[in-house]
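As structure tokens, here come the structures.
Presented sequentially are two complexes of chain A, the first with chain B as partner and the second with chain C.
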Partner chain A sequence: MISMRHKIICFGLSLLTGVLISSSVMAQNNLTIIGSLESVPVELDMSQLQAVLKGEQMRWQDGTKVKIALMKTNTPIGTVTSEKIYDMSGNELNKYFLALVFQGKVKAPAFFNSESELEAYVSQTPGAIGVVQSTSNDQINVVVIDGKKQI
Partner chain B sequence: MTVLSVVMMFALFILFYFPARQERLLLENYNNEIENFAKTVALGVKIAITEQNFEGVETAIDFVREDDRLQFVSLIQSDTIWAEANDIDYTIGKTVFKTFPDSVEVDTEGHSDDNHIVKSAAFSTPMMSGEILLSFSTEEIVESKRQIRMASLSATLVVFVIGLLIGFWLAGNISKPVLALRDAAHKVGEGDLTQSVSSNSKDEVGELGLAFNKMVKDLSVKASLERVRSVIAGMRGKEDLPQITPVIWQELISVGVPFNRCGVFIIDEKEAVIESYLSTPDGQSLGIFNLPFGAHEIAGKLVDNWQAGKIYYEHWNKKEFLEWMHTMMDLGHIESSRTYQGDIKPPESLNLHFVPFDQGMLYVGNDEQLADDELGLVKALADAFAIAYARYEDFKSLEKAKNKTEIALEELKSTQTQLIQSEKMASLGELTAGIAHEIQNPLNFVNNFAEVSVDLIEELNEEMENNNTEDVEAIKEDLKQNLIKINHHGHRASSIVKGMLEHSRTDAGAKVLTDINALADEYLRLAYHGLRAKDKSFNADFTVNTDDSLPKINVLSQDLGRVMLNLINNAFYAVAKRAKEGIEGYKPNVVVTTKKLDKAVEIRLKDNGGGIPEKLLEKIFQPFFTTKPTGEGTGLGLSLSYDIITKGHGGDLKVDTEEGVGTEFIIVLPE
Partner chain C sequence: MKQQKNRLLYLFFIAGWLALSHQTLAQDTQIRGFANVDINIKNDQLNFGFGEWDLFITSDLNDKFSFLGETTFKYSPSAATEFGVTVERLIVNFNYKGNHSILVGKHHTPVTFWNDTYHHGRVFFPTVGKPLLFGAGIVPIHTTGIAFQGLTLGKLKWTYNLMIGNGIGSHEISDNDKFKSVTASTYIQPVNNLKVGASYYNDVISKGAEYKGGTAAEKFNQQLFTGSVSYFGNKFEVLAEGTFVNNNGDSTGVARSYATYVYTGVRLNENWIPYVRVDYLTYESGEAYFGNEDTFSFVGGIRYEITYLIVVKMEYQQFDREVSGHSKLVSAQIAIGF
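So, the complex of A and B:
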């Protein structure tokens, strides 16, 4: 027979595990928009962000070309990015950009396998804007979206 | 015309073939270029989808878009459409994913036509499959084609003009000499070997002309040599010899050797004379005369140089020439200087050239000394003359040999005729002896009974005087019997003679039905008694075994009789010879057997003599072969017998012999 004490301990541990997992998933779904120190504004609203990342706005206010940097859609961040910002699956996102590039309507976005590579690209490319989970890189700006550093 | 044709062909080649080929190459390259563009874009799309790297497709599509020839580039997506009825059947549906520029409506099957070329390149990824359709305008190709044609036309005109100029130049420098060469070659082909062409130029045409002239010259020389060979070798007798000088004269002219006198000297070392054939200054023959080796100084020099095989050259002035002419007159070879020179004055200077050949020297006289090449021609002529003259001499030798052979053949034929006659006479002698013996018997009876009858008549007279009537009657009866016997034996002799006459009356060459049995019996006995008549010591048994069923057959009875007489005589000769060897218990025997065969008659004549040695067997039917001592046999008996049986009767004569046992001749005659 399992004692009541043991049952209480098991329940407590289960609850704790659930809370920990839930907080982790929550943390993974958060996205941070980063931009180069030059040309990219430090604050945008969500619709502006989507217009930029979908290639609808191709230049910043100072005339610098917008250069999009995204994590590949087969990475967790890439998947989340597709869903939260583009409201598309990974494949749909690919087809979307393929269609635009094929017709010469946008400059093709750069896709990366790691956040560090993406951050390095953004820090070194004027007009570059990218999406990561979080960053502590001081060579780039965190773009606040609708007043939030993470979306 | 030829040059114009070549120029035209070349011009047409440049005008049509060259641009057509260039256009085809251009089109191929254009197609390949568009296809490569399509493949590059398709590869970029594949990388973009699978690796999310859009740089490739972006670069490729930018490159294509910037090309002015682009009509559209389209990304076609292929989807599998399953049939609603089952999960097996499906179709591939093609939809236009994106096209640049947007405004173009694209047929997903995409076909090329005169205005544009469409190329496709497929790609396949897990996410999406399809193809890139790329359409380019053909305006650039059309323009390029036009430029090529213009360039070709210009080049054709230039080539044509240059070609014509070259043609005219060739016509002037090649065609004319070549045509002249052609005409000359035609004439040479027709037998005119005096042709030559001018060959002033130093190019190939000039060399061709020189070669042609040399060829005609060589042909002319060869033809001359051939004529010399032909004429000289065609000579058959002394009456042909005067042809020599005119022939040499004519052919020296033909080969182009300068001369004014010529001649041939045939040197006979055995007789120490030079048989000379000389010409007059106008090419006539002076006749043939023999010049003794010592008759003139030149004769000795000729012989010496001929023996050394050297060309001999000498120069005469007028005095030396006249000395020679007088020598000829002294020897009686020419009557006067007019005979030798005609109306022409004696030369002040004469160069004499003597070229050796196998049988003598060929002489050419000229005002000037001959050059080496001219002497070479004379040498060739001399060699040709030598070959032909040797043939003439061979022919003369053959003629002599032929005449000798013909005489020998005639003598041989005469001897053969005599021998055959001798053989016939020998047979006749033997036959006569036999006949005499046959007739002698009844004549003996006739004589004996006649003598007895004379005695009986004397007795009869005595008894009549004594009136002894009984004895008279008895004697008269005896006389009657004697007369009957005389008559009987007289008839017998008459019948023998009649039988002989029957045989002798038979026409030569006419076959008559003959009783072979009777013939065999008759000739066996005739032969025996003939031999007995010659040699009283000769004795032998003889038998005739006749086949009574033997039919009479058509034969040349006299000839067949001679055959049988020959064979039987030989048989008796063989047994007599063996009998003289003194072999104990030996009894000479000759047997003649006749036998009817199927459609033939066989006569066998067998003796038990010494037989014929095997080494002689194959010779016994050869004419003039005999083993009998000289004077006893002609050697024609068996040869004639063989001919009579085989050729005269279509039969066969064979011999079967064994040394020490005997010989059997077998005659087979067809019915």
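So, the complex of A and C:
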């Protein structure tokens, strides 16, 4: 009887741990798009977002220059950003932008080590758009993508 | 009194220097570079050497204006120091609206995908060297002039480039004749990683004009028509370009030439890419401008991308020339970006 109770407790704990781990991994894979209060629209669809973050749109509707802010590709968020938004590895993303800069077609994104630095840059730079895991900064807008606050 | 005046002047210069350096810091300027070390076996002899050292500078001057400069340092036996410095690109870009810009300066002529994309960055080249149509002087690599450019427009990501320049035979600071070269190029990206493009180049080359490969013995009207397809995906890489040349000499008449190459690579994983490239050049008999010979070349090799800034390539190339005959080249290259 006791061993049965132990088995049930162990099973319950394993299940709970599994749920917690998977939800934590899922949370780590979630991304939030942030934009400066000026110029950056508060809503975009995924294809528009990809075009903007790939440097294919140079200016916003009001004429302000698009400035891209990303976490460095060797950070966990940078890796998720590369895969989820660009469909590339971190290495491929770096090569992609180096090639475009070399062709004179885009300006390189600003790359950051920490989300707080990235958020500070976006809040202080008109036209800046960036990718973080989550934010509570009221000096920036969260850009809704396909109706969702996180992608 | 004089000492006080000197102090004031000194303070003035310090203040000026501080103001200027602040402006320089505020300006977003980036300096990057590319270099390569080559090893080859030619005529049963092993050779080590280094290629171009490319210095690349970009700078945002203000919200609308930016600058791009590219300079190469390379071995030049005719130079006093045995090294030559060449300004490959010097472009002032005025982004006047959206994705539309006007660019003035020395450009890489946007006639082919390769010339418009890789420039002198060997780290980006899919093979060790350029396709043969560059070495044969088929494509006018540089143009000094003005360009009107639009990038990735609309759903098809349409790009256009209209360039008017000094043309073939001109120098860096002036034109050698009154004729201007005109380049019109366009491409679309209907799906991710695929580009389909075409370009047109027209120039009048005056008698006596110097160009890669010789001196014009007569006046030529030259037209180039180029088609390009490129796909660099996660598994496969394909790049195919063909240039049809129409050279109309004042006394020799029309002669047609054709140059093409097809590159294909398979990405085995993130690092290893085996590849092949086939080049073919053919000239109409009596062609007086290029003065070259029909050539077929096969390249087979493997590329190892350690990172996006360090790429090692090893390849075998075989040439079959109409007059010079058969030759081969085994080469390796370490190309870096920094």
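Heads up, the rule we're going with is that the second predicted complex is superposed on the first by the 149 of 151 C-alpha atoms of A that agree within 3 Å, B and C clash if a C-alpha of one lies under 4 Å from a C-alpha of the other, contacts with A are read in each partner's own complex, and residues count from 1 in each chain.
To be clear about the criterion, a contact is a pair of C-beta atoms (placed from the backbone, for glycine too) under 8 Å apart; a residue touches a chain by one contact, two chains touch by 3 or more.
Quick caveat: nothing in here was measured; it's all calculated off a predicted structure.
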Simultaneous placement of chain C and chain B on chain A, clash or fit: clash
Chain B versus chain C as contact partner of A:89, first or second or both or neither: second
Partner chain in contact with A:111 - chain B first, chain C second, else both or neither: first
First, second, both or neither for A:102, with chain B first and chain C second: both
Touched partner set for A:136, first chain B, second chain C, both or neither: neither
Partner contacting more residues of chain A (chain B vs chain C): C
Chain B versus chain C as contact partner of A:72, first or second or both or neither: first
Doubly contacted residues of chain A, that is, touched by chain B and again by chain C: 91, 94-95, 98-99, 101-104, 107-108
Residues of chain B defined as touching chain A within the complex: 45, 48-49, 52-55, 57-58, 61-62, 65, 73, 75, 97-100, 102, 127-128
Touching residues on chain A, where the partner in the complex is chain B: 72-73, 91, 94-95, 97-99, 101-104, 107-109, 111
Residues of chain C touching chain A in the complex: 28, 30, 32, 56, 58, 60, 63, 66, 68, 89, 91, 93, 95, 97-99, 103, 116-117, 119, 121, 124, 151-152, 157, 192, 270, 305, 307-309, 337
Chain A to chain C touching residues, read off their complex: 51, 56-59, 63, 65, 87, 89, 91-92, 94-95, 98-99, 101-105, 107-108
